[in-house]
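One chain, chain A, appears in both complexes that follow, with chain B as partner in the first and chain C in the second.
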Partner chain A sequence: MQKRATFRNLWLASAFIAPQLLLVFVFFYWPTAQAAYWAVTLEPAFGGGNQFVGLENFRAVFADANYWASVGASLLFAVGCTAVAVGAALVLALFADRGLRGHRLYRFTFFLPYAVPAAAVGLTFRFIFSPDAGLLAGINHVVPGLWNPALDGNDAFVLVLLGQSWKMIGYNFVFLLAALQNLPRTTIEAAAMDGAGVLRRMWDLQVPLLTPTLFFLLMVNITDSFVDSFALIDVTTHGGPARATMLMVYKIYLDGFESKDYSLAAAQSMVLMALIIGLTVIQFRVVERRVHYR
Partner chain B sequence: MRRALLASAATLLILGTPAAQAEGRQKFEFWYGLTGQLGDVVQNQCKLFNDAQDKYEAVCVGQGGYDKAEQNTIAAYRSHQQPTIVQVYDAGTVNFLLSGAVYPADKFDQDFKLGIDWKSYYPAIRDFYGTSQGTMWSFPYNSSTAVLYWNKDAWAKIGKTAAPKTWEEFGEDLAALKKAGVECPFAHDFDPWPILEQFSAINAVPVATEENGFKGLDAKLTFNHTIFVDFMKDVKGWVDRGEAKLVTLSSGVNKRDAFANGVCASHLNSIADYSAIKAVAKPDLNFGVAMLPVYKGQERHNSTIGGASLWVMAGKSPAEYEAAAAFLKYVTAPRTGEEYIVDNTGYIPVTTAGQKLVEDNGFYKDPKHAGREVAIASLTASPVGPLTHGIRLGNYTSIRAIVRSELEAAFTGKKDMQAAMDDAVAQGNEVLSRYAQTMRGKTLP
Partner chain C sequence: MSDIAIRGVRKSYGRIETVHGLDLAFGAGEFVVILGPSGCGKSTLLRMIAGLESITAGEIAIGGRVVNRLEPRERGCAMVFQNYALYPHMTVAENIGYALKVAGVPKAERLRRIAEVGRSIGLDGLLDRRPAQLSGGQRQRVAMGRAIIREPKVFLFDEPLSNLDATLRVQMRIEIRRLHDRQGVTSVFVTHDQTEAMTLADRLVVLNAGRVEQVGTPEEVYHRPASRFVAGFVGSPPMNVVDATAAGPDTVTFGGLQLTVPPHGLERGARLAVGFRPEDAVPTAQAAPDGPVAAIDLVEDLGALRLLRGRLGGADVVVQTAAGTRHGRGPLPLQIAPSAIHLFDAETGLRLAPRAVRAAAA
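What follows is the complex of A and B.
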């Protein structure tokens, strides 16, 4: 049994945590409470005189077929981004960890995308994947009309999915590489002496030992793709074409700030918050059982 | 170390408020939405104003877009940080009319003795920024309307020297252009402003009931039952046959640049972009502007006003209002206001006095501005009537976005055009009824 460190001076303790609590209150609880209030009232753009309407805003949200389409798109986006970003980062990290020639350079460069602001990623991707003028325009010369994110919803979805994933790969890579380098070398060397090849060691030893990190990254990536895709979409597709990339968070922005229907946006953000909390709980309940902490 | 930090913080504080102690001029803030070359023109006008006198100082802050200017002003108003003057685009007019947050222009004019002759504004403009009682709530600033830009060299290939007058003729020309080897005869995008709003006014068909919203907040959209749908079907036909191309910013270039670099032979756009096209066009681009065509058998009516106006916000100090008054006087005067804007942009004069001034100075005779008088002709093609004084619908930005999305769905073959427009109207009416409910108890002035 560990001896617990106890702190008798409550006042001092409170003083230490007060700044942090204040931040959490100002940037989370207070806006959330405000949004919850708006979600059950009708709030005019310039303020003043909001009327209580009960669940009317939620009814309007759920009655809108476009809303359900955006929920579907968001879920697909979260799953797709997480699979691509964590999968690709895992492969990169496993090989960077092997100390191949130039691995120090890789270690540095693979992380860089995370330091690029999403809007800049969007601009770059818009340029690279532009159907007429971009680097990818070549495939349209071979097969005309094959790639056109401006008109084809699926192409646009792939474009933003790649953008978001590319950005997250660097972040995931750093965590996975750090975790890999913390694995007991002896175990891996023992496996090597027993004749296990590189791929066998990766798949049967390193990946299972990485599950705590993978679980953490799974949660971060899913949450991030739900809430952090705004800038990328705003620069590339604006939720189009024909709402193909209208993720929940972008729809909240459009309804709230472009359309100035603050109440509708507030109701949607309540739903989004509930959805993310729900997903996190499920992950802890279901997925974490398969995670082995050392 | 700590001392160094403190010192640099203090320096920052001082630098952060640069002109706080400058020469004692009375300042006021002006937020504008124009960007790019047009934004530079606004900024320069502020500088000219500040240089022209030494009592007041206009602090002009670009907001990075019309929509951002409106959003930021609302956010600022809610925390009592609003600017004294803000430039608001046509789609935001209803929000500001009903906001209770503005100082009506004609009252401001009386209180601060600006001496503006409201009667000299063009009827299309007076009607749009005025109330049903005929009083003006904002100061017309940059006004435009939609025109057809056409490449004369391309049309010469099919033996024509004049722009088409009807949509039927336009369609035939596009087919001929395609046959003559023009790869992109017409650049089309989904901006509802020229194709829905201007088109409907010119053909005198309604966009919504209640005189397009002017008569009350209970208006309903009706454009799914007008010739607008036929127009969109025609355009889709052109696109499907390769006689027109969908050109949107997400495909790399916008329709204006596709026209300016000579790839596309025509497009519909605001007259305001005239100067920008001149500026970026390849040197030998030989283009003209014409009024939007009409359908055969439809009588041509006046097109409506686009652009933006200047609103005075409520809740500022008398000293700031006095400074703002001097600025408004400056920017509404024919020479320092209208002529400056007309000279440096594609916008039109907004008063008959301003129009006369630029005409007398031989403005339209200059080949650099050839064809710009078309915009005035289009705006004044008929007396302003119930279907041609513009759109006054709540949350109109949202409705524009809905129309755009549904057009995208129809043009990419996901939906039938009629079904898409029916859906757009149904969703738009939902927006309108939510707006009316949010603004319950308020009526349009």
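What follows is the complex of A and C.
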């Protein structure tokens, strides 16, 4: 009786999880395995048999100074975007939580950017930050040549960093606001009775109690800035000028689909994946210790 | 120590008014308990005193100073919340000392006072723990410590014992009263538990649906309830209340039964409610002619006393008898001393004073 019931449950359980497993397998494990295979073989550009080359592709990748530059740029990009997007969202959420007039409208409008495709964000930012026609063109009237992302690598980097951050702020904001509204109201009120003003309560209570959410957003934002910045860069800077915005994910695309070197691109993908896994592990080991779960 | 004056205080949420013009005065050093069922506005009133809720109309003065527009921290009140409201990421010591830290008290002095308060409320060895590692009773002590350390002018308690189990509740109740007797700080204690109210209060405020039903000492409220509501809310078990009609100046009838009451100058036919405490109904061997007879259908033996539950004149009633009595189910003739009978107007629910002249109902 017991055995039979278990047997039937197993089939039922398998049937329920099959669609999800199928999706994960087809769109995650299979491509990953394929990339791993390409990474250790040499893929002829015009088809034909693969040739096993061991770690030769990785050796080529690591020997390339441009590659290390893209790693550096990616790390800087990840840290910058996460700091701006989480920081700005935290400030917005803390103040929206104060129940200012029209906070429902804020919540809606702040979330909208996340629903905008990265390519559209890029296009918009190209217009807004255009050195001769955009909103920032005024700066160039005062100090000619101060702002030109098409020529100045730093300007271009700031441009994509702001674009990526802008997209993530709304997402972070919604999570942080929801977490804030879940904090027990009496705890905050107790602090008010204890004499803490608004800012003091934010710093002493709300921010520490938000750490589980902040930790989650930290990982999501870092990962997103590594893997999801492709469309933004493709529309705005193409990795330029002078490779200033050549992030790892964009270099993979260029090497793989423009230069048709699948093997080199696959090896870089493996490195990127290892980097993200490594960063996540480090965050769990180091940062999570400072998280206060209730 | 400060007195609190509440003048014409109202509270509305949008168009819905929940507190309808309260006028109360609490003396300095008094222990006032605000008693009422849930939703009667008692917590709202407390939160308006604390400054956590805005005052829609009227004014509240603490120590002669109108506080309507003051921030909570400027009012000199400390509050103990029902769910403790501790800071989960801080240790017990940090929780207790937070107010001092915010006030900029130097660390050495802060630690000295935390240790002192910790000792006085029995949290000595627990100062390094986090709230999550404490039991409910210990958490409530931390919440008390957090209030005590500020040496406030007023203590506000928002149902602080409701989350504790029965034994602990009695113990903390006694500690709160002792604390008040030691420090003499004006205290306002909100509860829906009438035992807490009776045992703690110097003065009791019974609140119902945003209005004051009665203000008085526990004794006054128990022995001379101002309304049918108070009669049915205070006491454990509460007063029996039976709908009746006046049959003469000192007689009422209900369900074909008669009861002699003190002279109230009742007019024949006036509709009333008759109240008597469970302990004031005495079972007798021999029923008076047309005298009250309750139909008992349930006996609860509480050890020290026995509760006989049944029906009388169309209402549920409880009769309290001493332990060892043998009354069981079935008809039970009762004797109720006229002086133990309370009469309430059937319409307004207000207490009828003896010898008041009432017009007959149409």
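One rule holds in what follows: the second predicted complex is superposed on the first by the 285 of 294 C-alpha atoms of A that agree within 3 Å, B and C clash if a C-alpha of one lies under 4 Å from a C-alpha of the other, contacts with A are read in each partner's own complex, and residues count from 1 in each chain.
FYI, a contact is a pair of C-beta atoms (placed from the backbone, for glycine too) under 8 Å apart; a residue touches a chain by one contact, two chains touch by 3 or more.
Keep in mind that this is a model prediction, so the values were computed, not measured.
In this superposed model built on chain A, chain B and chain C occupy separate space and fit side by side. Shared-chain residue A:His141: touches no atom of chain B or chain C. Once the two complexes are laid over each other on the shared chain, residue contacts for A:Asp194 go to chain C alone; chain B is not touched. Aligning the two complexes via chain A yields an angle of 150° at the C-alpha centre of chain A, spanning the centres of chain B and chain C, rounded to a multiple of 10. Looking at the shared chain after the overlay, A:Arg285 reaches neither chain B nor chain C.
Put chain B and chain C next to each other and count what each touches on chain A; the higher total goes to B. In the superposition on chain A, A:Thr186 makes contact with chain C only, not with chain B. Applying the stated contact rule after C-alpha superposition, one finds that A:Leu205 touches chain C and leaves chain B untouched. Once you line the two complexes up on chain A, you'll see the smallest CA to CA distance from chain B to chain C is 41 Å.
Chain B makes touch with chain A in their complex at residues 67, 71, 74, 77-78, 95, 99-101, 246, 248, 250-253, 395, 397-398, 401, 404-406, 408-409, 411-412, 414, 427, 430-431, 434-435, 437-440.
Interface residues of chain A, counted against chain C in their complex, comprise 184, 186-187, 189-197, 200, 204-205, 208-209, 292, 294. Put simply, chain C touches chain A in their complex at residues 50-52, 71-73, 77-79, 81-83, 85-89, 98-99, 102-103, 132, 143, 146, 150. The part of chain A that touches chain B in the complex is made up of residues 42-48, 51, 53, 60, 64, 66, 126-127, 130-134, 148-153, 156, 236-243, 254-255, 257-261, 263-264.
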